[in-house]
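Structure first, commentary second.
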Amino acid sequence: MNGTGRAVTRVLTVAGVPALLVIVWQLYSAASQNFYVPAPGRVAQAFAETWFSERILDDVLPSLARLLAGYALAVAAGVGAGVAIGLSPRLRAAAEPVLEFFRAIPPPVLVPLIMLLAGIGDGMKVLVIASGCVWPILLNTVEGVRALDEVLSDTCRMYGVRGLSRLRHLVLRGASPQIMAGLRQALSIGIILMVISEMFASSSGLGFTIVLFQRGFQIAEMWSGILLLGLLGYVLALLFRRLERRVLSWHSGRGVGRA
Amino acid sequence: MRRGIGSRIGYGAAGLGGLLVVMEAASRLGPVDERFLPPASEILGALAAELATAELWIALGETMWGWALGLAIAFCAAVAAGMVIGSVPGLRAATHSTVEFLRPIPSVALIPLATLLFGASLGSTLLLVVYAAFWQVLIQVLYGVADVDAVAHDTARSYGLSAWSRIRHLVWPTALPYVMTGLRLAAAVAFILAITAELVIGSPGLGLSIQAAQSAGAVTTMYALVVLAGLVGVAVNVGVRALERRVLAWHPSVRGEAPV
Amino acid sequence: MLEVSGLRKVYEGRRVEALREVTFQVDAGELVCVIGPSGCGKTTLLRCVAGLLPPTAGSVKVAGAAVTGPPPRMAVVFQEYGRSLFPWMTVRQNVELPLKEKRMPAGRRGELVAGSLAAVGLADVADAHPWQLSGGMQQRVAIARAVAYEPQVLLMDEPFAAVDAQTRADLEDLVLALWRDTGVTTLFVTHDIDEAVYLGQRVIVLSGSPTVVMEDLKIDLPPERDQLTTRSLPRFADLRGHLYAQIQRARGDR
Amino acid sequence: SEEEPAAGGKDKVNAGVIAIVDTAPIHLGKAKGFFDKQNIDLTITPVQGGAASISGAVSGQFQFAFANTTSLLTAVEQGLDVKVVTNGVASTGVPGKDFSAVLVKPDSPVKTAKDLAGKKVSVNQLKNIGDTTIRAAVRDAGGDPDGIEFVELAFPDAPAALENGQVDAIWVVEPFVSQALSRGARPVTWNFAEPVEDLTVAMYFTTGKTDPDLVKRFTAAMNESLTYAQEHPEEAREALKTYTKIAPEVIAEIYLPKWGTEINEESVQEIADLAQGDGVLKGEVDVNTLIP
Amino acid sequence: MLEVSGLRKVYEGRRVEALREVTFQVDAGELVCVIGPSGCGKTTLLRCVAGLLPPTAGSVKVAGAAVTGPPPRMAVVFQEYGRSLFPWMTVRQNVELPLKEKRMPAGRRGELVAGSLAAVGLADVADAHPWQLSGGMQQRVAIARAVAYEPQVLLMDEPFAAVDAQTRADLEDLVLALWRDTGVTTLFVTHDIDEAVYLGQRVIVLSGSPTVVMEDLKIDLPPERDQLTTRSLPRFADLRGHLYAQIQRARGDR
């Protein structure tokens, strides 16, 4: 295939389905005249007006910073605790009910509690984000570690590969396909929780702005914010995929490999 | 095996007990004010009182019904979609942008749409629950499908297994551990969304009770209901774990735990 | 039945030329062995023939039709026997699965499964899972699965590598009997020269890299083979000596 | 959902109402049969806030709903078709005996509304009636309202944030006013009673789609409920026990609002002007489109 | 050096008695081969000796100390060679990892790795990943890793099952040379009787299930071994014939 041909295919694979969805949306909004479903053109206009302004600095960047901080915290906690729990059946038996207990508590009701402990500043929001992101990472890490190949772990035991280097060379790498799955899940959950955390004790941020638009019945602006969230998720996912390709190159070569 | 289960319960109870002690100590001795986070003993007392009322059981029933239905729909849809997207070459790439775009959109942002379509009814709750839980399972399925062993895959192809048989006998079992994790993730997320939907939209259920207690300043009752939510989560997990032990008996993560 | 012409395979990525130019033919009902030094491309050849790997150049035809995907009625026994069994199925289910796929009636299926498991000496572990078996037992399960499938073409990749000498002799005779009874066209990859001579009507010797067919040797031993008498024939020793020297040369070429 | 006559020839009505002290009359009125009398089969659906009740009404889920003045003004500004049918709740107008106040810690340096300038003050929703009235109170007291840092904090969470020193002052409504006062908090301004005279805080409304006859009957029933609640405060307190979880001893203590049937359009206009001045509303809003 | 006494192993779950009562000893610096029919428990025995599997009864001692976990300075080549290599590491990294663990200085480490890879004929694929190699090549990587580790005790489980005859002969000589040069105590599981006789100072024959030591045969061949001369000694043929008959019996017992 030649260069342009390849570029066209690429654009088609990336943009084909979204374009189709926009068309459906246009048709629907034209037909229904629904106040809550403005036409795509109107939303695009609102998007330009709303987000190409100092809002980027005031609302989007602080949100992103909190998101990354919360995510990083969740990765550290999730992988760390996940490895420990995955390696020890006893620890797992003891910790699982407690973890499940917290996992089942909806973040909106957890927020007041976190506020008691961490105040109402950025720290609270970072904690809220981390408290939601951590679950898919933790669960996947635990399962990935439990599923390590027996012959490989025997090999490590035989050759005295222990402690940190066992962790590095066997446990983390062996579990990495599943850990990556968890990290990926957590990324979008992080965005969701970013919005939720900004619904409480907040006066800036992307999520806050969206809620404000919603309460002010500025529906096109609200949808433009949701659109921005989606775009943000997509960009982060692209970055993530690059990382994943590097980390899991051995895996896709070995398996049927299409992740 | 008996002994295994017994000790597992023992450890689990010890873990929960430890949590209670910490909570009790935190509010009695120190960092948080008793009025804002009552001691565990009081919360449990209030929970016991709540459990004696019929409304609570009705509310819990409503929540669980929305949860179960939403989870079932999301799970089936996601597994089907994941299998198709993961198995048909090209489809994964074509849907990637859309999936990644839709996935991080918070369910809570869909509330206007939900109320618009369904009002404060079960439909709204379902929309939110399904939307949130769907992606959890889908992503897990996609990773699981990508994990199929090359030799096993070749084996299936060379023995002329049809596409459907390959999915059923090779792809599905390979993806199963991922799917089970997805189910556990989705079960919790669906439960959270069921409650959140009730909190925010006001459809009846446990979330509404929490909201009522909260806006009345009844802190102890509110935490009692939150604890109840957590306990439901524990129960759901016990169920999924039991299921997992059955369907994944062949898998290293499960067979490694049989006493040697 | 099986025509391989000008087959070339380069693995992208590491850019390894696993096969340079391989051409040979197998007639219907023939049993041909392939030998060659370790890493010369035997498995690669077999996977190309099975339609599992697209060749870089050249073509493979089975029963006159060009191979683009796995042809029907072909069974393969993989070298990585451990990974080719489904760990979530019992031994019986593993053997039975392809038969179910052929929509074979349950009665006939049960017979075939029981028969082939008995033939490889595994009748009593039918309900175990593969990972509960020893390496050699797993390999025999994979063989039983291929036998039960009643293929028209049978490809085997070092199928007896993990079994003891006596079991191996038994399995060799099993393959011979199967081949004689059903006339299945068989391509048999091995690294054991004695085995190749004992089983094959012809032996194809692959050179070391760059891999081509170094020799296509007709085994002019009497068709009736027997572990004791055949192996003690002077001609057997001749052929074996000849092949030994060839493999030496093949390795030397590297 | 359409409003079809029910089996007994009654109109089914779904009303979206926040489950707080303010809405006791509708619950009381329903219990007293005022709605049955008007041939209305009333269902009260609890909602989470003003935005939710307006969305619900516009989308047709509710025929009638309850929202505060600023939310309704915002909706009108955005071109939503909402029409007020009757008063919802009004300030008692008596500082010290109203259902809404701004509170500080007992030892706080903030003594009057003027001192709030430059402080961190919590409100339940930004750009709504809370910050508008607080700004007005500060302005009236001679302070500079621009320097106030408002943060969003749900009413139930506010007292804890105040005690932990995370905010300097909180705006709360009942039952949290009484609760916080009993724990030693000190009021600095009664923001519904002071800056605007006879403030109409919230109203019941409908949309243009609703049958005018039904509107008339609902209004009549609602007015009867409001009057009854105003005249029988003890019954109103009893009603609180049926739909909120406020503790009985707290219910006995709290300040009830004023439940009249008259809307003070001037106060609504004043809120509109104040909101516009603060940038909460972008343009001028004609109160007459809201209150026909 | 290695004392196995009254070893019994029952796998729970399927309740398979893999070993009934196995007792033998290996002196320091000895090379002992273990043979037995497929599925008789050779791998199980090896895993017990390696401290990877707790025995049901009986005990294993290495250098006088009871084995409860993997003893230090012991290397194992697993039968499932494919699964014992880290797929995320290159061949070199796989071989190097245990040496890094021993905190061996980089210079010495590099030498050992290069030397052992050259010895198994894989110097040129050091930077490939295991799954890019043929089965035989993977197995040789596992052997190179064990050799580079410089163990005191070396356990090998059918290490040459997947390589061609000539490579196999080379590897056999490699093991012999290694053993002679370093005096490493070696327990070598194989299913190839010729190989057992050629390599071993003693051959332990395991019976079929219920598994016990059926014979502990001293191989009274001259210590200097050579692929051509040793294998053509009449005593070699005797020993081989004897073992062949034993294995027949072992299988018959089943």
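Letters are used for the chains, namely A, B, C, D and E, taken in the order the chains are written, and counting of residues starts over at 1 for each.
Here, a contact is a pair of C-beta atoms (placed from the backbone, for glycine too) under 8 Å apart; a residue touches a chain by one contact, two chains touch by 3 or more.
Predicted model only: the values in this text are computed from it and were never measured.
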| item | value |
| --- | --- |
| Chain separated most widely from subunit E, comparing mean CA positions | D |
| Maximum inter-chain contact count - chain pair | A-B |
| Separation of subunit D from subunit E, taking each centre as the mean of its C-alpha atoms, in whole Å | 83 |
| Centre distance in Å when subunit A and subunit D are each reduced to the mean of their C-alpha atoms | 38 |
| Whole-Å separation of chain centres (CA-atom averages), subunit A against subunit C | 48 |
| Residue numbers of subunit A (touch at least two other chains) | 36, 112, 116, 149, 199, 214, 219, 253-254 |
| Multi-partner residues of subunit D (each touching 2 or more other chains) | 55, 59, 154, 156, 160, 164 |
| Multi-chain contact residues (two or more partners), subunit E | 13, 80, 83, 132 |
| Residues of subunit E touching subunit C in the complex | 11, 13-14, 16, 35-39, 41-43, 79-80, 82-83, 128, 132-137, 140, 158, 161-168, 191-193, 244, 247-248, 251 |
| Subunit D to subunit A touching residues, read off their complex | 49-51, 54-55, 58-59, 71, 74-75, 78, 80, 122, 125-128, 149-154, 156-157, 160-161, 164, 166-167 |
| Footprint of subunit B on subunit D - complex, ascending | 1, 16, 19-20, 45-48, 52, 55-56, 59-61, 154-156, 159-160, 163-164, 175-176, 179, 183, 243-247, 250 |
| Complex contacts: residues of subunit A adjacent to subunit D | 35-36, 112, 115-116, 119-121, 199-203, 208, 212, 214-219 |
| Contacting residues of subunit A [partner subunit B, same complex] | 12-18, 21, 34, 36-37, 89-90, 93-98, 100-110, 112-113, 116-117, 135-136, 139-140, 143, 146-150, 177-178, 180-181, 184-185, 187-188, 191-192, 195-196, 199, 207, 210, 214, 219, 222, 225-226, 229-234, 236-238, 252, 254-259 |
